[in-house]
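See structure below.
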Amino acid sequence: MSKQVKKLHSRAGSVPGSLIHIGTRKAEHVRISVIDYDSENLEEKILPSIDQIYPYLDTESVSWINIDGLHDTDVFAELGEKLDLHPLLLEDVLDTSQRPKIDNYGKHLFIIMKMVTWDEKEKTLEFEQVSFILGDNYIISVQEHIGDIFENVRQRIRNDRSRIRKMGIDYLLYALLDAAVDCYFLLLNNLGDQIENIEDELVLEPGPEILATIHHLKRDILVLRKSVWHLRPVIANLYREDYGTITTEVQTFLRDLHDNTIQVIDTIETYRDMISGMMDIYLSSISNRMNQVMKVLTIFAAIFIPLTFFAGVYGMNFNFMPELDWKWAYPVWWLLIIVITVIMILFFKKKKWL
Amino acid sequence: MSKQVKKLHSRAGSVPGSLIHIGTRKAEHVRISVIDYDSENLEEKILPSIDQIYPYLDTESVSWINIDGLHDTDVFAELGEKLDLHPLLLEDVLDTSQRPKIDNYGKHLFIIMKMVTWDEKEKTLEFEQVSFILGDNYIISVQEHIGDIFENVRQRIRNDRSRIRKMGIDYLLYALLDAAVDCYFLLLNNLGDQIENIEDELVLEPGPEILATIHHLKRDILVLRKSVWHLRPVIANLYREDYGTITTEVQTFLRDLHDNTIQVIDTIETYRDMISGMMDIYLSSISNRMNQVMKVLTIFAAIFIPLTFFAGVYGMNFNFMPELDWKWAYPVWWLLIIVITVIMILFFKKKKWL
Amino acid sequence: MSKQVKKLHSRAGSVPGSLIHIGTRKAEHVRISVIDYDSENLEEKILPSIDQIYPYLDTESVSWINIDGLHDTDVFAELGEKLDLHPLLLEDVLDTSQRPKIDNYGKHLFIIMKMVTWDEKEKTLEFEQVSFILGDNYIISVQEHIGDIFENVRQRIRNDRSRIRKMGIDYLLYALLDAAVDCYFLLLNNLGDQIENIEDELVLEPGPEILATIHHLKRDILVLRKSVWHLRPVIANLYREDYGTITTEVQTFLRDLHDNTIQVIDTIETYRDMISGMMDIYLSSISNRMNQVMKVLTIFAAIFIPLTFFAGVYGMNFNFMPELDWKWAYPVWWLLIIVITVIMILFFKKKKWL
Amino acid sequence: MSKQVKKLHSRAGSVPGSLIHIGTRKAEHVRISVIDYDSENLEEKILPSIDQIYPYLDTESVSWINIDGLHDTDVFAELGEKLDLHPLLLEDVLDTSQRPKIDNYGKHLFIIMKMVTWDEKEKTLEFEQVSFILGDNYIISVQEHIGDIFENVRQRIRNDRSRIRKMGIDYLLYALLDAAVDCYFLLLNNLGDQIENIEDELVLEPGPEILATIHHLKRDILVLRKSVWHLRPVIANLYREDYGTITTEVQTFLRDLHDNTIQVIDTIETYRDMISGMMDIYLSSISNRMNQVMKVLTIFAAIFIPLTFFAGVYGMNFNFMPELDWKWAYPVWWLLIIVITVIMILFFKKKKWL
Amino acid sequence: MSKQVKKLHSRAGSVPGSLIHIGTRKAEHVRISVIDYDSENLEEKILPSIDQIYPYLDTESVSWINIDGLHDTDVFAELGEKLDLHPLLLEDVLDTSQRPKIDNYGKHLFIIMKMVTWDEKEKTLEFEQVSFILGDNYIISVQEHIGDIFENVRQRIRNDRSRIRKMGIDYLLYALLDAAVDCYFLLLNNLGDQIENIEDELVLEPGPEILATIHHLKRDILVLRKSVWHLRPVIANLYREDYGTITTEVQTFLRDLHDNTIQVIDTIETYRDMISGMMDIYLSSISNRMNQVMKVLTIFAAIFIPLTFFAGVYGMNFNFMPELDWKWAYPVWWLLIIVITVIMILFFKKKKWL
């Protein structure tokens, strides 16, 4: 069963707004990195503790703080206190069973989304929750573990002629979201290959194990669909509603991102339909094979059972059976047997069973 | 059949607004308890009769009256008269076949919801109706029997440094609703385990009894889905509409609760899809097994029926059968039999039936 | 096929607004009864002809005229002329193939609904159309035949301390609608019992006749669903729109009635899902039984066909067969047979076919 | 395949607004008839050529011009020029693959709808496109061929005491639409009879040909549904939107017509559900029959294969078989055979296969 | 697998707004052609390089620049710079995995749509992306390769009495869109023929290969449906929203085009339903054939297995078997055999298996 589903109950019974990390501990220690830039300057650092981030937040320049690892709740408790974050916001950051959503807490805009990768070893989808806390001049992004999906964005920031350096905090948010949505494109490609493999296998001799493969793929796509389904309105919301921090120029980029999300959803729907079509084909291939088995049985039975009867006839011990004494009886009997066999074979040929 | 469905008709024919308890009598006697608190003081009591609650209702402090047991309609008749409750409101409190809903009766806000637990003995869902009557400074909560789902809330009230003590009647309502929604998380966990068990069993040799298990699970999820489906708009209503008693601060918490409800619905939908996928697998596993049976039959028949024919041939009593007198006839016959058998086995090997 | 569906065409080709009774003649003669009351006085009468109702209509008191039987179109022609009813309104009253609807003809509010009962003899649903014409101080209710579903309302009117005597024409309308909706609750109970019976039968040995039962039940629920589906918006309309005659107080009651209708719809949907689940179980039980039959066949064939072959071997007449002359050959042969049989039985035990 | 679908491509590649008749030529020559009336006068004529209609259009009285036959595009070219009709309007009149729609071209209101009849010879639905061009005092109706569906309306016009004579052009439009909708009622009745026949046949021994019948019926209802589905909003539009020519009085009639259309849709939906239920029954009846065949086979095989073995045993030629010499061996053998047979029969009786 | 789906990931990881051609290189070199016309003059040219188009853009006359081939990104980079096109607009032009959409970039209206043709060789759908950039007096249309779908429009432009010459840039846009939508009509016709062929084959002896054909057709229609589904709102948007460049007169034409799109969607839906019906027929035809096979087997087995038993009886070697010595025993035995056979045949005739 998907891990997504299984962490649900850990929160049941806890006080609302309490800081509990729900999910598997994925990172060894919490890593805090900061990139602070404007069109001319760039500073990039790994910080040893959370209280060193505050100087960056007040600057005019764009500050991106990235926190990898969720298990050290003290870090978030301090962060929450200093930045005056709502307790529910923090609870959501730490609870990795959240669905994608956007909440406006006045001072902060809070976005949760899911990134997804294919775990080749376990042959299953691997979800990671990413949260963005958008303040006036800073973004705090929180990931479950150290990953490389934002590396591309960092590269672009380091290049001082790139568009990202010339624009504000809202374009950075767009760039991060865009990087996260890119994961889905990569994954879809992977799933597309899997579907193609299964289709190829279905044409050959599909065994019962293909059913399990189809079933798993179906479930993966089910879970994936749910995750993107909630992502779309988050992005739509971001470019349609009037959040002060998003400029019109960036809204155009967000609309484009929105289009990409719809494209992901479309592809997932197509995959879903394809898989359910494959199920039909598999089922009818079972029926077809049953038909084959039945035909073999019927051909053997229908040819040899009558023959056995005719052999039985002349194995009878009646004292008065004139045929037994006739000299040509035995060869004629064989002739009869051959004729019957040929007739049966022609009959089955006509029925197209042979 | 689900008990939910079966109590419908008892109300047919009765005068609208009449106080009839519809449902099974679950509690021995009606128990009335009261908790009255503000940030500094706390009073907790079990009351012997309903008329002792009135002093608490007029105080400035937050008063939570909890009534366990529905069968004593006199209690509710008196309550209704004193607090000037609408007859339809009281009818709904007593009729346990209601769906979750929120009604604004001007003076009172009235909320009905369902809690659900898993009855391990009967292997079925157990629904309990909980009603909340929200007045200016008091909440009257009515349960079908004495339970412990609100115990957690009581603990938090007793702790005089908890957030609940600093806030008003609306936060208490939120805390109670939150406690009730928590039941669903616990239940979903239980159902998730059941689904996992069935999936494991499906991989092994699934017997016909697994069909009944799947069918029951499907029905449980059907009923559960209906109940949460109606719960979501109740909570949405509560935080979106402008009921005087709900402050903005608590609305944020209610929005979070709303998110939790959507998460429950999502999980139920995922379970539903999983179960219908399991049904498909079960059906195709029946077909696969039929295929197996057919193959065994066909192999036996196709090998031994021809052999029997050849035995029959030399059991015939024709006077003139030259083979019978040949000395090596019998061993050669056996050789022939063995060759035929080997050919058949190779044929079935090639068809991958062996 | 449902009778509902079959009366459609009788209206095709007729002039719009013409008074034709479409449906089966269900009553011997038209019966006209009147109840005229206010909080103090009550008059109840059976009227010999339609023109005697007019004095009651102009009084201040609440007047409820009930007409049973539709076939005498003259009665309705006269009624239409005197009360200035729209020709289409009258056409709809007489055409029993209407769906539930509410039409505002300015002077009159016109409501059509369907009552439904279970015809135990014909094992089918029996629909009856009821129309309400709401004037300033009167309601004219028209039924297809004399029934007792409004008897309960009459009882309450006769009791001079009941709420109905203190309220106006709108509450009477509510009471009548409520009585009609009560029919559905009774029916659902009946259908619930039928579903339970079928479920019990499915666990035992289901024969092909159960398929027909499921099919009929499914069709009944289909027709029923359509009828309630149209009823819900009628009632919703009544309490939401601002029709002058409906007071706020009665709107609360109508909202409650609306909730009941939703409960009926919910239950019907649940039944629908249950029945489609039962169909799946039936189909897989056929497959399971086919599996059983196949197993019996395979066990018999796989055990006895090889044995017959071994009997055939020693029935051959070769002159040189050393075994035939060996003294212990026959008992050893039997031993062989028994060993083979035991092996086969163990083989099938291992495959869990036995 | 439905003819509806097949004429699509003829328009591909043509200039928009060009006058091409798309569809089968159904009438020998174009027939133009006119009825011009007010409450006192009535003139009815068949016109030899299109230019004779213009005098009628300018009169105060209601003029109804009916054109049967579409293939003579010159007629429509001239009509278009004289009345200043939009080229797209004329293109739509001639293209019989249009779906029902209403277009407001300012000066003219343009309505396209489909009439449908059952072609008893070809056992298929026959669609005919009817267009209405509504001017100030005239309606031009265009049909594909000469039919009698408007005959009923003509009769009512000829009767000088009928409602239609007292009312304006809008009521005539309603009367024509109503006559066209009546076709659907007649057709539904026909389809209802067909469904009933199939249901009766399904109870008896359904052969494979019934599958084709169900399939065709399903496709007919599919096409029919699409056609009515588009008709409903056309009529809704007509009574809801404020087109100058439609008076309030006629809007009431149109609302009633709208109700009839919904009734048609409802019935079609019911038929659809019934047919898909019939498909299920047919499929499970195949399975049931397969079960029957299997049982017969198994009973024969399971009884006679063991018996044959026991016959084979005493056909063996071992020299030392003590039973052979025993005097009662043969009758005892028969006894054994009978006992085995009885046991088998009892076994199958217990399994309810006999 | 459809190629549509497979090019998705190439964009993952790239900087938003960067010019990368995503898709297969379909044209050898980029061809740029221009048609510049008003009601009196017409100039038509093939341009060697992109910078020669600028003189045409500033003229009062209507200019249509058509670019075939996407791989030379320099062309588009220069175009973008000169016309001040938004980087995202250019990215979308080059990325052929876009869905149909309309974007308003203020200065330019940007429309993407898909044309589709049937690739007879590969037996698959071939999609081509077409983009339109609408400026004040010019349209730039971009195609993936040189095609002839706009040839028809060019012909009409060359004819100086055609409507297109008298109208503005908006009518040209309409004409181009109309030409692109015409592709779908042609394709639908082709698909319709395929469906008809499959239906004919299904009536005859359908083999397993027909399943693959149905499956492919289903997938094609799935992909096609998605493409038109997104096209409809694009056109609806164009005639409903108030884009300055679209005149009321052309809006009427666009509404007509919108109707055509709906007709395409309708037909696709009908095809979808037909195909899923064909799947059902195929599956039940497999079951029917299995039934046939089983019947043949059962008839042979049920007739000859008892006969073989009776032959076996008189092959027994009991010393005392009175029948063996009776003179008429052998002919009487044959009589018995014939009687049994006839009875069995009558039995199967009665069961309608013969």
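The letters A, B, C, D and E name the chains in turn, as written, and every chain counts its residues from 1.
The rule we apply is simple: contacts are C-beta pairs under 8 Å (C-beta built on N, C-alpha and C of every residue); 3 or more make two chains touch, one makes a residue touch a chain.
These numbers come from a predicted model, not from an experiment.
Q: Shared interface numbers for chain C and chain D above half of all numbers used, same, or below, different?
A: The interface of chain C with chain D is built from mostly unshared positions.
Q: Using mean CA coordinates as chain centres, what's the gap between chain A and chain C in Å?
A: 43
Q: Using the average of all C-alpha atoms in each chain as its centre, how far is it in Å between chain B and chain C?
A: 27
Q: If a residue has to touch 2 or more other chains to count, which residues of chain A qualify?
A: Touching at least two other chains: 287, 290, 294, 297, 301, 305, 308, 312, 315-317, 321.
Q: Chain contact graph: line, ring, star, complete or other?
A: The chain contacts form a single closed ring, each chain touching exactly two others.
Q: Can you list the ring's chains in order, from chain A toward chain B?
A: The chains follow each other as A, B, C, D, E, starting at chain A and passing chain B next.
Q: Under the stated contact criterion, what part of chain C meets chain D in this complex?
A: Residues 1-2, 5-6, 8-9, 11-13, 15-17, 86, 88, 91-92, 97-99, 101, 103, 105, 205, 208, 211-212, 215, 218-219, 222-223, 226, 279, 282-283, 286-287, 289-290, 293-294, 296-297, 300-301, 304-305, 307-308, 311-312, 314-317, 321, 323-325, 327, 329-330, 333.
Q: Hey, which residues of chain D end up touching chain C in the complex?
A: Spelled out, the residues of chain D in touch with chain C are 152, 156, 162-163, 174-175, 178, 182-183, 185-186, 188-189, 192, 195-196, 199, 203, 252-253, 255-257, 259, 262-263, 266-267, 269-270, 273-274, 277, 280-281, 284-285, 287-288, 290-291, 294-295, 297-298, 301-302, 305-306, 308-309, 312-313, 315-321, 351-353.
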